[in-house]
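Labels run A, B, C, D and E following the written order; every chain starts at residue 1.
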Amino acid sequence: FTNEPTGGSVTLGFNVPQTGPYADEGADELRAYELAVEHLNGGGDGGMMQTFSSKALEGSGILGKKVEYVTGDTQTKSDAARASAKSMIEKDGAIMITGGSSSGVAVAVQGLCQEAGVIFMAGLTHSNDTTGKDKKANGFRHFFNAYMSGAALAPVLAKAYGEDRKAYHLTADYTWGWTQEESIKAATEALGWETVEAVKTPLAQTDFSSYIAPVLNSGADVLVLNHYGGNMVNSLTNAVQFGLREKQANGKNFEIVVPLFSRLMARGAGENIKGILGSTNWHWSLQDEGTKAFVKSFGTKYGFPPSQAAHTCYVQTLLYADAVQRAGSFDPCAVAEALEGYEFDGLGNGPTLYRAEDHQCFKDVLVVRGKENPTSEFDLLEVVEITPRGQVEYAPDHPMFAGGALGSCNPGV
Amino acid sequence: MFGLGKRDLTLFLIVAVMALFAPFILNPFPTDSGMAQFNAGYPDLMQRFVIFGILAIGFNILFGLTGYLSFGHAAFLGVGSYAAVWMFKLLSMNVIPAILLSMIVSGLFAVVIGYVSLRRSGIYFSILTLAFAQMSYNLAYSVLTPITNGETGLQITLDDPRILGVSATADGGIPVTNLFGLEMRSFETLNIGPWAFQFSVGYYVAAVIMLISFYIAIRIFRSPFGMMLRAIKSNQNRLYYTGLNARPYTLAAFVISGMYAGLAGGLLACMDPLAGAERMQWTASGEVVLMTILGGAGTLIGPVLGAGFIKYFENIFSKINDQVVHGWVSFLPDGLEDLVVALIHPFVGKGWHLTLGLMFMLIVIFLPGGLVEGGQRISRRLRRKPAEDDAKSASTEPAE
Amino acid sequence: MGILEVKDVNKRFGGLKALSEVNLSVVENTVHAIIGPNGAGKSTLLNCLVGKLIPDTGSVMFDGQSVLGRKPFEINQMGISRVFQTPEIFGDLTVMENMMIPLFAKRDGVFRLHAIESVESESELRGRAEQMLEDVNMLDKRHMHSASMSRGDKRRLEMAMCLVQEPRLLLLDEPTAGMARADTNNTIDLLKQIKASRDITMCIIEHDMHVVFSLADRITVLAQGTPLVEDVPEKIKGHPKVQEAYLGEHA
Amino acid sequence: MDAIILQILNGLDKGSAYALIALGLTLIFGTLGVVNFAHGALFMIGAFCAVTLNRLLTLSHQVVDETRTDFLGNPLKVDVPYMQDIFGEATGAAIIDWSVPLAILFSIPIMIGFGVIMERGLIKHFYKRPHADQILVTFGLAIVLQEVIKQIFGANPIPTPAPDVFRGSFDFGTMLGFDPNVIIYPYWRLVYFGFAAIIIGAVFAFLQFTTFGMVVRAGMADRETVGLLGINIDRRFTIMFGLAAAVAGLAGVMYAPINSPNYHMGMDFLVLSFVVVVVGGMGSLPGAVLAGFLLGILESFASMNQIKSILPGIDQIIIYLVAIIILLTRPRGLMGRKGVMED
Amino acid sequence: MNVRPDFSKHGNKAETAPAFLSVWDMHSYYGESYIVQGINFNVHEGEILALLGRNGAGKTTTLRSIARMDSPQVNHGEIWLDHQPLHKMASYEAAAAGLGLVPEDRCIIPGLTVEENLQLAQIAPPIGWSLDRLYDLFPRLGERRKQEGVTLSGGEQQMLSIARALARDIKVLLLDEPYEGLAPVIVDEIEKTLRHVKEQGMTTILVEQNAVRALQLADRAIILDTGSIVFDGTAAEVLENESLRAEYLAI
């Protein structure tokens, strides 16, 4: 199989955005990867390896081989990400590629890994397509997805804001935005909300005032921002500037919802994030053992708590290493088999399943709210509810995930 | 020979030999040495060198000769890629029809954009081309997703029809781009001592096409057509009153260079069958411009050098992380080691843009003619040594 | 009926009447000089002939065909070449290349995509270019970058570029201004010789009376946009109106 | 109707941002003829002046609060800004609150100095070089600047709010007889609009009622000759550059509360500002301003749902589409001067 | 005040008074090409010096060197004007020191009207003739003051260029082919003006292809050939010297 490690070491490829708007996420992912490698090689305090339900890993590398890594810059562009991943595979002999912080990149790199015959452990990617219509036998996603966000968020929204609401969606005009809009719409409409309007906004937009201004007058009383990154920061800031949060509509307080939160981004929005509901894959303030261990070792090393991006990347690395260890081989097909249908715990999200049918992880989802009185610059979100896994599960052939096929695993040459 | 003058022939042969032996030349460091990080001789990067070389050569035909600065050239690259991937999806994985279609489609696209944009000159022309390209990019990213697959980029999948090929291989995989069965991604590795040299089919296919493109470019530079283009740059007014219409000449140059870009886009898709919208973004167009100027606009070999330079930085410097830097300086005492790493840190890895920006500035400040000028200066210095007296007497002669 | 017939041409620039009711008839194979004070409209008239300007009213016929509404390059292809008052050459090109372009235009028309042939192989055209350079005494400068020549040399080059096209009508706007005396004399000789050896009609604007009187068969004096007189040189010299408006005491 | 008024208001505001950025660019690009790809970076630096001042004002010392814990379970360290120590809690907080308006004063000398250094140290040598070289060097500079900012401030946006009094929005609708909450407009955006108007007016006055503008224009067309007339054109170019940098920087400072500054905001605006300047017409200040407002308003209209539903994606391309149409129908943009950068 | 070195032994043969403008061992280059090859000459206050020679002899280069233009580069030599070391100055400083150049291609500034072109000359001190006085001298310019300078006819541009030099209070006027393209009556006019300013003490260097006219006006003359001085003497001497005239001036 491709890049079978022959010497005393094995090389992993960490492909993260180092430039471009997601560079901070990328930097945090890289920190997590470095930490994971340290732990795998027996350094540090072992982090979540201590709390991981599987005990296959011993801190002596993977299958006794020392873990080394190469890094690359995806620039959050599918092209560049593929080039970078390709060079890791061709030049550096990487046996597994992981990282990315956009669904477009994840899908593109996943496709490449499938063709090249290496395993891809997706980083930050939230679109339904990654494990939906674009799923691949060699690709695995630990992060949650838009459908799960909708399923987790909708009941909380109904509880907080009532079931008789009129929603106005602003959606970033690209694949991820669309799947999220679709998911949130479906979930909220199922609870009785009405969708007044759903407007696509250009990805490159920086000033959203002309999209925000018409909202007030539309009869809507909730604004859903299907935005991420700079888009989210700007649209939320604009919405608050227009005073949406102080307004009344249909006799109710006007509300804003940001379905996908990230703490790093929340920082950019500053004060504006306070009290706003959203969902997230993981948060450092969780109190389970896995989380505590991870936050401790990450915090000690870097001086601040990890982001959800860091968490998912760290976990993906451990999961891969563990799968190899259990399979006893680096062969991608063996690893895939070891991951498929694998149940584990102790990695921060409670009991988790890597579903065989689509290589998506199923676990509890967090609903969070922007904290009113943060105690520190990291303490921006508070967990409102931990939505149990059962509530966010869906059938592998759910229409939002239909089309495409996993195909068969490719071990390469 | 080949209808080239002696100097051109020499240049062409040098380029040909370099292209042929690139796997050796670009891999000077043994695989297990610390410097192996700087090796560029792996298939993907070598392919990129020659493919972006083609793009820059084509761009230079327009910009170097006519002085029309297109700021939307990446659009043709993107269109070429999309055309090629669609060919893979619909027809077959053979690269020949894909390349042909990508050239045809980008050529047609260039006719339309060129016809409109060339009604203006100077900065107005640049902005028109930029506007077209940005429109293409924005649309490809969103509204045209059914054709372009938006953010992810157009990929081949298992359920593509592929009329003349198969949708999926026997073992359920996606078939591979090939030239009559010769797979683009296959390569041979030659191990000599600690060195490992990779010979990739895709690279050699691209390199041969690059050499053909380069040859055609030389012919164009030396042709009456090339001379007309330079005349357009020099004085359009005179040209009009000499009985020549500049418009068809510039349009021809625009279309030719658009087709070069389309060819490059098609080849990119042949090496890696994905066409991303970012290929069309203004930054990508800007990159072509930078490659050409950096290498030396209006020179034959400059653009190829510029393309190599930028791609090298993008691929090699971005991958140097602290771990690697530590590896280099590990012989130093600990404190010093950390200091050196801290000093190097901002310039490599995620700081590769910083280094690139600095290099742009340094080169353009100190080598106004680009890398070619640098090369000339070195060779002049080398040559001057023995012929110093000649040079002196020559420079004191009157100009006439 | 002359080869060039200008009828009732008017041209205004805002409030300024640069040309009013200009009539001019140039007989084939003669040299027709146009003289007149600065700002009289001489260059403007030429501009109307080569398509740089379109007259407000009136007609311009060359060899029975109207030139109005045609593009400059079409007019050139009809056989009209022009030397400008301030030299217009291809500064980035060498002298030889400057000469080749008009030859290509003459042979191939407004556009031909000869992208693969080589300029070097056009030996016939090169021969003609070299011959022409020889005639204007510039052969030794043929590899020179034309922008770095002195002004007089640029003028001569531009004239050579026009002559090498063997136009039927050659328009010269002050061809010898700033030329050294010796070269002025050469130019006069050259133009005379060309006129003798082939069919060519010339319109020449010049302030150097020596040149005008050496070459011209007929002279039109333009003043304030209207033709003052038109006659043979001998008559013009002594014409009182012309002396007053233009020649001054140096006639 | 109300939707239209709302979008016009929006457009005016967007337009004033475009106009202000384009104004600075047109001083350098349309007047000095330098294709300055670092202009966006100047805008960004302006915005980061606001961030920096905010950081300076909030410079703090840490007080350990034993009652609370940080994320690792250690006692929490609370930041107390020196400002509050010096001026007392209320005044100190007010000063911090007003950091963006204060940053205007703070940024002017910085931006002028920056512009002057940039011109003297770099651009000066490029007036006579081809435009392509100018692009390369200024693009390189832009990359360097933004990378430096990124290494200092990180890649994520940094919230930089306007003073509290400007929070909230103004209800125009009630003034015009519409229902409340129909046509509203954030106060800070009104401030931005007014500020833009003042800056534009001041720059116009400076260039219109003094010979400065004429001399610089002449110098751009023909440096040699202007020198022959005894004019030290270099000095005036430097002043012009400093002025342009200040305008760009001020546009950035004031923009900081509207969109949180991030290191690539310059590049985001760069292409757009070139389009605005060229559509306005090279060398024309009124053209740049007019084009800025025009494109701002059209962009706002294009983002209306009623229009988007007929022409999907129109808001993504409207600016470019309009640019193409204008450049094809008017050879030199809206008000361009003949001969400026046409070859 | 700077002290002028005494180069009188290198200077002109016919030394009568202390030199006002001195050029000493000046060498000028355009890049690699060596044009002015070590020339020495003096001009005295109130004198008109004719600088003659063939096309490409280096006349323009000499004037541009004195005016301290960016090109050519003066690699060696000294230029003193009224005790001030011009060779150490930039062109705008030389202009402030009292130098005025009427360049050969007129250099009317595009985008500016006639009046603005003149105003531009009066921004930096010292200021010379008033605009009204200039319009009196060249009424055509007065009529066209609102017209864009570059749309003037060739001769009108020449007038504007000269007027622009006079708009400044200069000590030395460098004229590069001022008669080029001017109608004979205007040439007479300008000649009168030159005599007039000379009477007021202006020092002038006149480059002109029309050697006869130039010599009639000049006190002294220098002949350049390929960048070196081949003759330096009084105007009368040139007119008398048959072989000199034939060899270098073709008159």
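To be clear about the criterion, contacts are C-beta pairs under 8 Å (C-beta built on N, C-alpha and C of every residue); 3 or more make two chains touch, one makes a residue touch a chain.
Small disclaimer: the values here were computed from a predicted structure and weren't measured.
*Asks:* Applying the touch definition from the top, give me the chains sitting in contact with each of chain A and chain D.
*Replies:* For chain A paired with chain D, the chains in contact with each are B, in label order.
*Asks:* Pick out whichever of the two, A-B or C-E, is joined by more C-beta pairs in contact.
*Replies:* Of C-E and A-B, it is A-B that has more C-beta pairs in contact.
*Asks:* Need the CA-centroid distance for the pair chain C / chain D, whole Å please.
*Replies:* Computed from C-alpha means, the inter-chain centre distance equals 53 Å.
*Asks:* For chain D versus chain E, what separation do you get between their C-alpha means, in angstrom?
*Replies:* Chain D and chain E have C-alpha centres separated by 48 Å.
*Asks:* Determine the centre-to-centre distance between chain A and chain E, using the mean Cα coordinates as centres, and give it in whole Å.
*Replies:* The separation of the two C-alpha centroids amounts to 77 Å.
*Asks:* Would you please write down the residue numbers of chain A that are in contact with two or more other chains?
*Replies:* 23, 27, 173, 200, 202, 204
*Asks:* List, in ascending order, every residue of chain E touching at least 2 other chains.
*Replies:* 30, 33, 56
*Asks:* Which residues belonging to chain D are in contact with no fewer than two other chains?
*Replies:* 312-313, 316
*Asks:* What does chain B use to touch chain D in their complex?
*Replies:* By the definition above, chain B touches chain D via 63, 67, 69, 116, 119-124, 127-128, 130-132, 134-135, 138-139, 141-143, 236, 282-283, 286, 289-290, 292-294, 297, 346, 351, 353-354, 356-361, 363-365, 368.
*Asks:* Of all residues in chain B, which touch chain C in the complex?
*Replies:* So the residues of chain B in touch with chain C come to 3, 5, 216, 219-220, 222-228, 230-231, 233-235, 237-245, 248-249, 252, 256, 399-400.
*Asks:* Could you list, by residue number, the parts of chain D that touch chain E in their complex?
*Replies:* Per the touch definition, chain D meets chain E at residues 211, 214-215, 217-218, 221-222, 224-233, 283, 337-340.
*Asks:* If we count contacts the way the header does, which residues on chain C are in touch with chain E in the complex?
*Replies:* 13, 16, 36-40, 42-44, 85-86, 148-153, 174, 177-185, 207, 209, 245-251
*Asks:* Which chain D residues qualify as touching chain B in the complex?
*Replies:* Answer in residue numbers: 35, 122, 125, 129-133, 135-137, 139-144, 146-148, 151, 267, 271, 274-275, 278-279, 282, 312-313, 316-317, 320-321, 323-324, 327-328, 331-333, 341-343.
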